[in-house]
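One structure coming up, written as structure tokens, with questions to follow.
Residue numbering begins at 1 within each chain, and the chains themselves are lettered A, B, C and D in the order written.
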Amino acid sequence: MATRDVACRVLGVECHPLPYYTISLETPPDFPEVAPGQFVMALADPGRDPYLRRAFSVFDVSRAEGLPRLELLGKVIGRGTSRLAARRVGDNVHVLGPLGRGFRLEGAGRAALVAGGVGSAALLLLARALHAAGSAFDVLYGGRRADDLACADRFADLASGAGGELVAVTEDGSRGRRGLVTEALEDGLAASRWHSVFTCGPTPMMARVAALATRHGVPGQAALETPMGCGYGACLGCAVPHRDGRFALCCQDGPVFDFDEVSW
Amino acid sequence: MASPPLTSPQAVDLAVRVGTLELGNPILSASGTFGYGLEFAHLAPLEQFGGIVTKGLSLEPLLGNPPHRICETASGMLNSIGLQNIGIRRFLDQVLPDLADYPAKVVVNLFGTTPDEYVRLAELVEPQPGIAAIELNVSCPNVKRGGIQFGHDPELLGDLVRRIRAVTGKPLIVKLSPNVTTPAAIALAARQAGADALSAINTLVGMAIDTRTRRPRLHTVKGGLSGPAIKPIALRIVFDVARASGLPVIGIGGIETVDDVLEFLLAGASAVQVGTALFRDPRTAARLVGDLRQRLFEDGIASARELIGGVLLEPGA
Amino acid sequence: MASPPLTSPQAVDLAVRVGTLELGNPILSASGTFGYGLEFAHLAPLEQFGGIVTKGLSLEPLLGNPPHRICETASGMLNSIGLQNIGIRRFLDQVLPDLADYPAKVVVNLFGTTPDEYVRLAELVEPQPGIAAIELNVSCPNVKRGGIQFGHDPELLGDLVRRIRAVTGKPLIVKLSPNVTTPAAIALAARQAGADALSAINTLVGMAIDTRTRRPRLHTVKGGLSGPAIKPIALRIVFDVARASGLPVIGIGGIETVDDVLEFLLAGASAVQVGTALFRDPRTAARLVGDLRQRLFEDGIASARELIGGVLLEPGA
Amino acid sequence: MATRDVACRVLGVECHPLPYYTISLETPPDFPEVAPGQFVMALADPGRDPYLRRAFSVFDVSRAEGLPRLELLGKVIGRGTSRLAARRVGDNVHVLGPLGRGFRLEGAGRAALVAGGVGSAALLLLARALHAAGSAFDVLYGGRRADDLACADRFADLASGAGGELVAVTEDGSRGRRGLVTEALEDGLAASRWHSVFTCGPTPMMARVAALATRHGVPGQAALETPMGCGYGACLGCAVPHRDGRFALCCQDGPVFDFDEVSW
């Protein structure tokens, strides 16, 4: 497992609008391939506030002038995410990664990608991979209001290019369908639209997604979020209750778990 | 200084001893913060560590506590891992052999809930040539004595150390809890019971609440505070117990920079352990070895040993 | 919640009581961190404070310790001011009269080195209508009993509190030291001796060394650690002593944001004191009053009192 | 005593070269007049690293487009001074000030201003005030090497405009006279060149300056430096041993003290 700890130059920070933002980072040439669902631990500031790094899904990767670029999608919540959002072009962000076990694409068939808010950050590379593999998929993207569906157009382009669609769902109806994203999922599952489900978002949402898919006999995977002290297996802080009664480590055994691995 | 001028950083002598434990340099990883070491060889140059203190080991494997197990606090973190570990036997069979490839000294951190468990652990460790020393985590409640922590009562601690001393010839390091009125009294009890050295400090008991949910941030409500926040407390305790007991001390608590290492050595530590800082950056320990070498070179100090206990006090302090 | 919807932040009721001490809001300035209050009226709107706890007062003025008296540490600071103060008499004569102009309750923080000194201080305070409560700083060594700190020994503490209780009818708040194994035992002793309330915590003993000069950063070598770094420890102690003693508690330690205030209230505090954060920003206390009002309004909580002790625990915790 | 706590926009940061830098801050229109020798407590970053503000002499003041500007001269030493140096145009720096008791100019006569390194920060406004008052003065500016005499030309201009001169002194001789600035002072005192001495720099230097001036019967004032927790009299952390056996507060009773007030 190739993991690097590198200083990355900030190429740009874009607001979508705040609290959502994307930050582009230029990595050294030998930065390893990132699998969909993998994450990095980012240290936005050399000071001690915050002290620990924060986990960020790798939202997108690209190459420019020979150098690999990472793009992260952040939502400003507390000290770590706001520090990162405040970086400027030319600043350094330290990145440890890629980390963890990503999505497994084998046998995905026609897939539903269910994103809740900034959880979409774990799903864009997956959409790209499915697109590249010629698999059809829909993206069910939910949030409170239209602004919570940051970068939705990127998902729309990929999904429609792969013979699927973006289903936007907002609680206040300000974009797409009004209601919960899990309601849209339930409708599609009832119509046997998908062979597999991939999800990332708030834990209660993912638990509901897993329960619905399981009820309809559709397998799936979830990219989980836990507090993380280190991201690389040292602190044992990121316990996820496993079906077998033991604790898995989100950072090492995950962050992506099969629905039936997790004791929700 | 009377010593001949140093020609290069390589000429600096970083070797230290903690009682009879000899270390190539004074930087160790702290228990519970770098697993069993090997797992992270791809992230940090283990061969540069002075020593590796293992995750706390018990007779039987432990699954640990349910989530949430950690949360960040100002310049620190709380943890309540619940002493999750693979058990002493699996460690000895499956991990220890591979650790032998590294020059870093292996220190096993042991804990139990009865003195018998500690003794049995020490007996299992005793015949292992690959283990350089034993560190006792005594911040565990003694289940037979109503849950008082071994490390909170000089008498309980003394009895425990005496029984372990009787079954091991390896350097025996007692890891002190900071959550007591007089750490020096515990340190003296450890010495009188035959401990070779002390390490200080373990975490301080703390708590945090999520004001959105009104729930404690840790499943166990309380947890152990570590990181730079606790460094001043750690330094005070190292200073006190080194003077009170005369035993060599390994300093622990919030160490992250070469200045931190120097502070602990000057306060009386013979070596240090790095914990929480490894979470932030797995290369911290190796970096500190290099930084220490460079700093001593720049300051014209030929040996790290010259610093130990070297804090300058006003007469009478 | 069953309460009627709040129409504006002004409708939020911030009043709390700490035993018989009634406060317009739960935010006080901590002893030793805002002088006698008045001096800084040009920098902070004193009238918004729930209360002002004075700098520690002794029978005679004290000059304090030689420099250096403070140094910064990670998310905190060490201090060793040496209890410099103008003495109780000058306070009563020259400061107290002007403080009467403010609605903030005046709490005097008292300390001595013998029980007699404490009693004498309490006697001088007793007839003063402008003083709403007494806070006892018991982190001082009892010179007659070999320098053991009053706050480190339940018996010593109990005797002290009983004697003071006998001479004062004012609310009597015992300020707990965090540097003990079992703060709850001290809290119980305070209760049994007649204390009305507790405040927690005072500073933790810490140390720092300047590695350039090899000298301690404080003239007195050791000092008291305060600031956000200690908040998790303070919160744990507040939680423990509130439950163990049943007494109302004033939470102190690293408070800086409205979330910090909520954490302490949820953990069981009836009010809080703000210390080190005032050094960073003299308007912190007043800002917290406004932020608390706004936050409770947003969360639809009609009274700050609803939060006290409201942390949600799993059954059995 | 008017003291304000204000957010100031950073107008620019200039290196002279590093570790020395100046930072220009735009203050609100009603920021009070600053007396020479007064200081501000600056919070460069909203985070907790460092937690406490740092004291900075007000190096210079000016007005542009109606708004008063403060200029600070910093030397990167540790966490606080490096944070400030890392600010960029448009960032906010919180400033509490002006604080303390500045230099008293009455009866200065011909004056020697003795600066040690970044201690010069306390002396530029003084030089301006003397210049404006038509008093002649010399500036003795000492450091290890040429780079330590940051902004020396500003002092040279003011001094020569007031009938005095800049005497640069470096330990390595890389600029001006080789040696210690106190040696240059001693020569001038021996020649009875000055009626008063004003100094700011490292404490041992100032102690020596005070001793020399006193020996030659010349009165003077020193702008002292101590660790400061608050800068406004609350923490009692900034004790200065007074001749009378008590402790003065550097932030309130100082930072400027008469040579004979201090127990050096």
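Some points to look at:
Basically, a contact is a pair of C-beta atoms (placed from the backbone, for glycine too) under 8 Å apart; a residue touches a chain by one contact, two chains touch by 3 or more.
It should be emphasised that the depicted structure is a prediction, and the values quoted were computed from it without experimental measurement.
The chains in contact with subunit A as well as with subunit C are B, D. Distance between subunit B and subunit C, defined via averaged C-alpha coordinates, is recorded as 34 Å.
Separating the centre of subunit B from that of subunit D, both taken as means of CA atoms, is a distance of 45 Å.
Separation between the centroids of subunit C and subunit D, computed from CA atoms only, is 37 Å. Between the Cα centres of subunit A and subunit D there is a gap of 52 Å.
Touching of two or more other chains is recorded for residues 74-76, 227-228 of subunit C. Shared contact sites, meaning residues of subunit D that touch two or more other chains, fall at 48-49. Viewed as a network of touching protein chains, the structure reduces to a complete graph with every chain in contact with every other. The residues of subunit D lying in touch with subunit B in their complex are 48-49. The part of subunit B that touches subunit D in the complex is made up of residues 74-75. Those residues of subunit B whose C-beta lies close enough to touch subunit A in the complex are 32-35, 39-40, 42-43, 55, 63-72, 74-77, 79, 81, 84, 227-228, 276, 278-283. The touching residues of subunit B, when paired with subunit C in their complex, are 73-76, 78, 152, 179-181, 204-209, 211, 213-216, 219, 221-222, 225, 227-233, 235-236, 239, 254, 259, 262-263, 266-267, 310-314, 317. In the complex of the two chains, the subunit D residues touching subunit C come out as 1, 3, 5, 43, 48-53, 94, 96, 226-227, 229-230, 232-241, 245-247.
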